[in-house]
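The next part holds the structures, each set out as structure tokens.
What follows is a pair of complexes built around subunit A, which joins subunit B in one and subunit C in the other.
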Partner chain A sequence: MNISKAILAVFTWTVITFLIYVPLVLVIIFSFNDSIYFVFPLKGFTLKWYVRVFEDPLFLKSVVNSIIVALATTAGAILLGVPASFSFVRLRRNNVFAGFIVIPFIIPWLVIGVSCLIFFYTIGIPLSLLTVTLSHVVYSIPLVVLVVAARLISLNPNYEKASMDLGADQIQTFINITLPLIYPSIAISALITFLWSFDNFIITFFTIGSDITVPLWMWGSLRRPVNVPLVAAASSLIIIIGSAIVYLIEEYRLRKSGFLTTLL
Partner chain B sequence: MNRIRFRQIRIPLHVLYGIPSLVYLFIFFYIPMIMIVVYSFWKGGPLYKVIRVFTLENYVRFFVDELSRNVLVWTNLLALLIFFIVILIAYPIAYFLARLMKGESGLKIILLILMPLEMNYLIRIFAWRNILGENGLINNTLMYLGVIDQPLTMLFHSIYAIIIVAVHNGLPYAIFPLYITLRSIPKSLYDAAMDLGSNRISVFFRITLPLSMPGIAIAFLFIYVPMIGEFAIPALVGGKTYLLGNLITRSFLEIGNWPFASAATMNVLILSLIAIFVVFKLTGMRWLYR
Partner chain C sequence: MKTTSLRLVNISKLYGKIVALQDINLEVHRGELLTILGPSGSGKSTLLKIIGGFEEPTSGEVWINDKLMNGVPPYKRPTSMVFQDLALFPHLNVFDNISYGLKIRKMPINEIKKKVRSIAELLHIEDILDRRITQLSGGQAQRVALARSLVIEPEILLLDEPLGPLDLKLRREMQLELRKIQKNLNATWIYVTHDHEEAMVMSDRIAVLKAGRILEVGDVKQIYEKPKNKFVAEFFGETNFFECRIEKIENGIATASCNEIIIQFNAFRDMKPGDEVTLMIRPEKIKLLKNSPTVNVNVAEGYLREVVYKGPHLDIKIELKNSKTMFVRSIELPYRIGEHVYLTWRDEDVAVIIE
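And then the complex of A and B:
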């Protein structure tokens, strides 16, 4: 029993280390390496890739664009998704309604990207950051709905009933009772939506036209070997900033969250 | 006598809240889906030529044309293979974390496993390029040690690289659902089985495995479905490997045959919908908001 347990423990840690973490750590290590190839032994410590990446006007533009898209997507998804999550809680056993909301979330992003491209082309909206945002909101609505609905379902309905009994109307109850209780789940869904939209490559690839976002800048740079260390530097920045944000989410996950909130 | 009085139809408030989202998804998801269906039945040619005549030739091509058929078959086989590899690796890990670790300590490791999911997946593909590539870590180390004198091409620009990266991507999506389902199996079931004289192998196949099927089904949804539409992994590490996602991307953006590309997209859509339908039939939808 103990031997098999030890074997499993070693297996688990080996997989976590080598299959999940080593590749990411190597990116960070090589972003400081003074060579355009990823070769051991390391050539020497340098910050020049970081300097260069910030001198690259295309990269700076892509960061600004990505932030604009991610903010707009988050705003849209929250505005549409949070009210819809209240409907979802009541109508979740209605398979047609639930399926209608959930399917855009599970369909491969390629399908969303391609169909939005055809749609925008057919009705004559030129491709731009706006079309990117509109297509990102598609998968973000179900994301927000599911995360917020998970919290709503776990709420004790007596809080709202007590508030109504004490003479508050529906709006007062919502603002003073429900909203503070579900606020963390709204924040977390906003954070996930922002991260996903910022990182989204597949849908953006189809709906952006000639503009650029961070994932598209990476995609383009990866095809030119000279730029590969710049991608390493940019990736390291994203990994580090991303980890900080993720740490915040983890805190929430450990306290209280549903299945999907944890998985995302 | 019941009369239909339209003036008095009242939409309940809780339905009203959902209407903006439903309208949005209808316009920007369901109408585009319908457009894909329509396009896939039109006649197409290269350079964005579209003749609005009904035809089945875009679909027939997947049965007749050997290249298109192979792409469809291979993409499916590869996605299934990746799913099986991921399950084989993930199952022991989930089992260890859920059943052999005490208390909630498994959950902390789960969060450690889930954390890289927040990283851009292009970064993760890029990370593997540095390890598997021609000038990558493995080749260089092996050459440095004198094991080989030519870079191994097997690792990079090959189907193996796709499998490695896809397994890396899929692992967290399998470990977590398996962990949840394995953890929810009550210990008394095991005690009862052991009391009744069953051995550990039969306990695994008669209790653990059947009860963890929902976890496997959810993992299928998160691994197989994205994989049949994948195009960035094969494009960046797959060399000449040509999957359905690449076929779609190329037909849309390079060749410009939108009707054929739409039919190819329909393949992805139909396969995903079948997978979604089957998995939801097996597991219900509750896990989505639990």
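And then the complex of A and C:
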């Protein structure tokens, strides 16, 4: 191995270790620490923060709410975003307005949250999980469109032509050819949308009214020092469950490697 | 009597103001292999797409089996296309690719298996039916694409330069094999290529396309040896043209003077003395002689200027006395560069160029 490769390897591992893993590992360590302060030396092992998290009815409610919002957001973003990507790619609407689809990415979340709040207030929709979901969908559609459209653009149009040539009408062609070929891009944009919606705090904060989601539960807990370790425990749960999901997905991807990677 | 599979009537295709095809009239008989030959950009792929239903003509009619096909989508046409890039479905294996059209037709699975097997045997791919598309070699992919189209038994098979990416040796083999399959099935095939040798190997008839127009249609021998169009004559390789004036016509033989050379050839009915004509003689029809022949018609003389060794033959350039150049193709050459030689040819090897 030459020097430049060695430097690159060291750099990569440093970045991954210090910027990503160390903070996560610290959170997990302190979630088992028998103290409300996040300082070394550790005071002793305990599971009481986890017990208190699960005893908190608000936490359980927030998890359920977050899952409902994330699922509904994902469904909404896919149902609107996938057809939108088709219209962008297939109708060749490649004018300057096509670029405006990414505007929700450029505008700060705070602004999206506030403008959604004003919008719902103006047209008189009471704030609830529904308004949270609608606001999340607004932000998620561009993501779905970008990922799915990128795949559609690179999709050889002759696959669909060959299918029609062999006797399949548009619907049969979509189900048998188009959908299987673009499905990995839909799956990935759905996954990112779900995780983003589950984690979102700012837009949720402005549009939720009196209800609660996981990030809002954490925010509430952080404001009382005695509850701060509960946040560490809840965060650890999310980190561990999230890591397990990523691991399973990667397992699956590597097992079917040749195929999925060529499609993506 | 020949049955007509395809009839194109006055087909034109415009993209905005760009004319892709103009006044195409063409008939293809059942069991015939017709090649559409033309340089890139001549509109040959567009014509194929119009027959297959992927493009609608701006004007004109497409008739298949005496049924008007205008406005009929590809999935309702009795045609099937082998695409230039083959377009094998990458998420399906070989068997699922070949059986696609049959499954769409909801054929019982046992019958599908039987049909796929028999077409796979015909194309010698029965051992690779469970392979992924990405695991196929270029030649195997060709065969799978062909099988996928043939298995649905189309009235007309359309092939869009399918042998393009193969290496020369494999391509030559595939040309002969495809031709054999087509003859065995007695099927109607329309083949698109820009390669005049491929066109000659494969076809019953060739239609030469240039800038959206059919210049000439004819059987292989006729279009090579007796083309009526100058572009067509040149498309099949370097050749010799003569600008001539007809001096006399006797017993169906015309005598023309062409810049100090006198050429005799079989006259057309409506020719008369005084007409200006362009004549063409293929390089391999010309013989080189050391001594002056006894006659003075169909003879030219000049100096040997250039020899290019091509393997099976030699390409020779002769500078005539009037400083024009003639191309000669010969298997051997007993003369040296700079030597004075005579050139002769037969009446029947002279083609009359009309356009």
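Here is the rule we go by: the second predicted complex is superposed on the first by the 219 of 264 C-alpha atoms of A that agree within 3 Å, B and C clash if a C-alpha of one lies under 4 Å from a C-alpha of the other, contacts with A are read in each partner's own complex, and residues count from 1 in each chain.
Heads up, the rule we're going with is that a residue touches a chain if its C-beta (ideal position, glycine included) is under 8 Å from a C-beta of that chain, and two chains touch if they have at least 3 such contacts.
It should be emphasised that the depicted structure is a prediction, and the values quoted were computed from it without experimental measurement.
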Figure out whether A:I203 sits in contact with subunit B (first) or subunit C (second), or with both, or with neither. neither
When the two structures are overlaid on chain A, which partner does A:A72 contact: first (subunit B), second (subunit C), both, or neither? neither
Under the stated touch criterion, which partner chain does A:M164 make contact with: subunit B (first), subunit C (second), both, or neither? second
A:I177 in the overlay: touching subunit B, subunit C, both, or neither? Say first, second, both or neither. second
Residue contacts on subunit A - larger count, subunit B or subunit C: B
Touching A:N156, do we find subunit B (first), subunit C (second), both, or neither? second
Quick one: is A:A233 in contact with subunit B, with subunit C, with both, or with neither? Answer first, second, both or neither. neither
Subunit A residues contacting subunit B in one complex and subunit C in the other 258-259, 262-263
Flag every residue of subunit A that touches subunit C in the complex, lowest number first. 156, 158-159, 161-169, 172, 176-177, 180-181, 258-259, 262-263
Residue ranges of subunit A touching subunit B (in the complex, touch as defined): 5, 8-9, 11-12, 15-16, 19-24, 26-27, 30, 37-40, 79-81, 83-84, 86-92, 95, 97-104, 106-112, 114-119, 122, 134-135, 137-138, 141, 145-146, 149-150, 153, 195, 199, 201-202, 205-206, 214-215, 218-219, 222, 231-232, 235, 238-239, 242-243, 245-246, 249-250, 253-254, 258-260, 262-264
So in the complex, the part of subunit C that touches subunit A is made up of which residues? 52, 54, 73-75, 79-81, 83, 85, 87-91, 100-101, 104-105, 132, 134, 148-149, 152
Report the residues of subunit B in contact with subunit A in the complex, numbered from low to high. 14-18, 20-22, 24-25, 28-29, 31-33, 35-36, 39, 89, 92-93, 95-97, 100, 107-124, 126-131, 133, 135-137, 140-141, 144, 167-168, 171-173, 176-177, 180, 221-222, 225-226, 228-232, 236, 245, 248-249, 252-253, 258, 261-262, 265, 268-269, 272-273, 276, 280, 285, 287-290
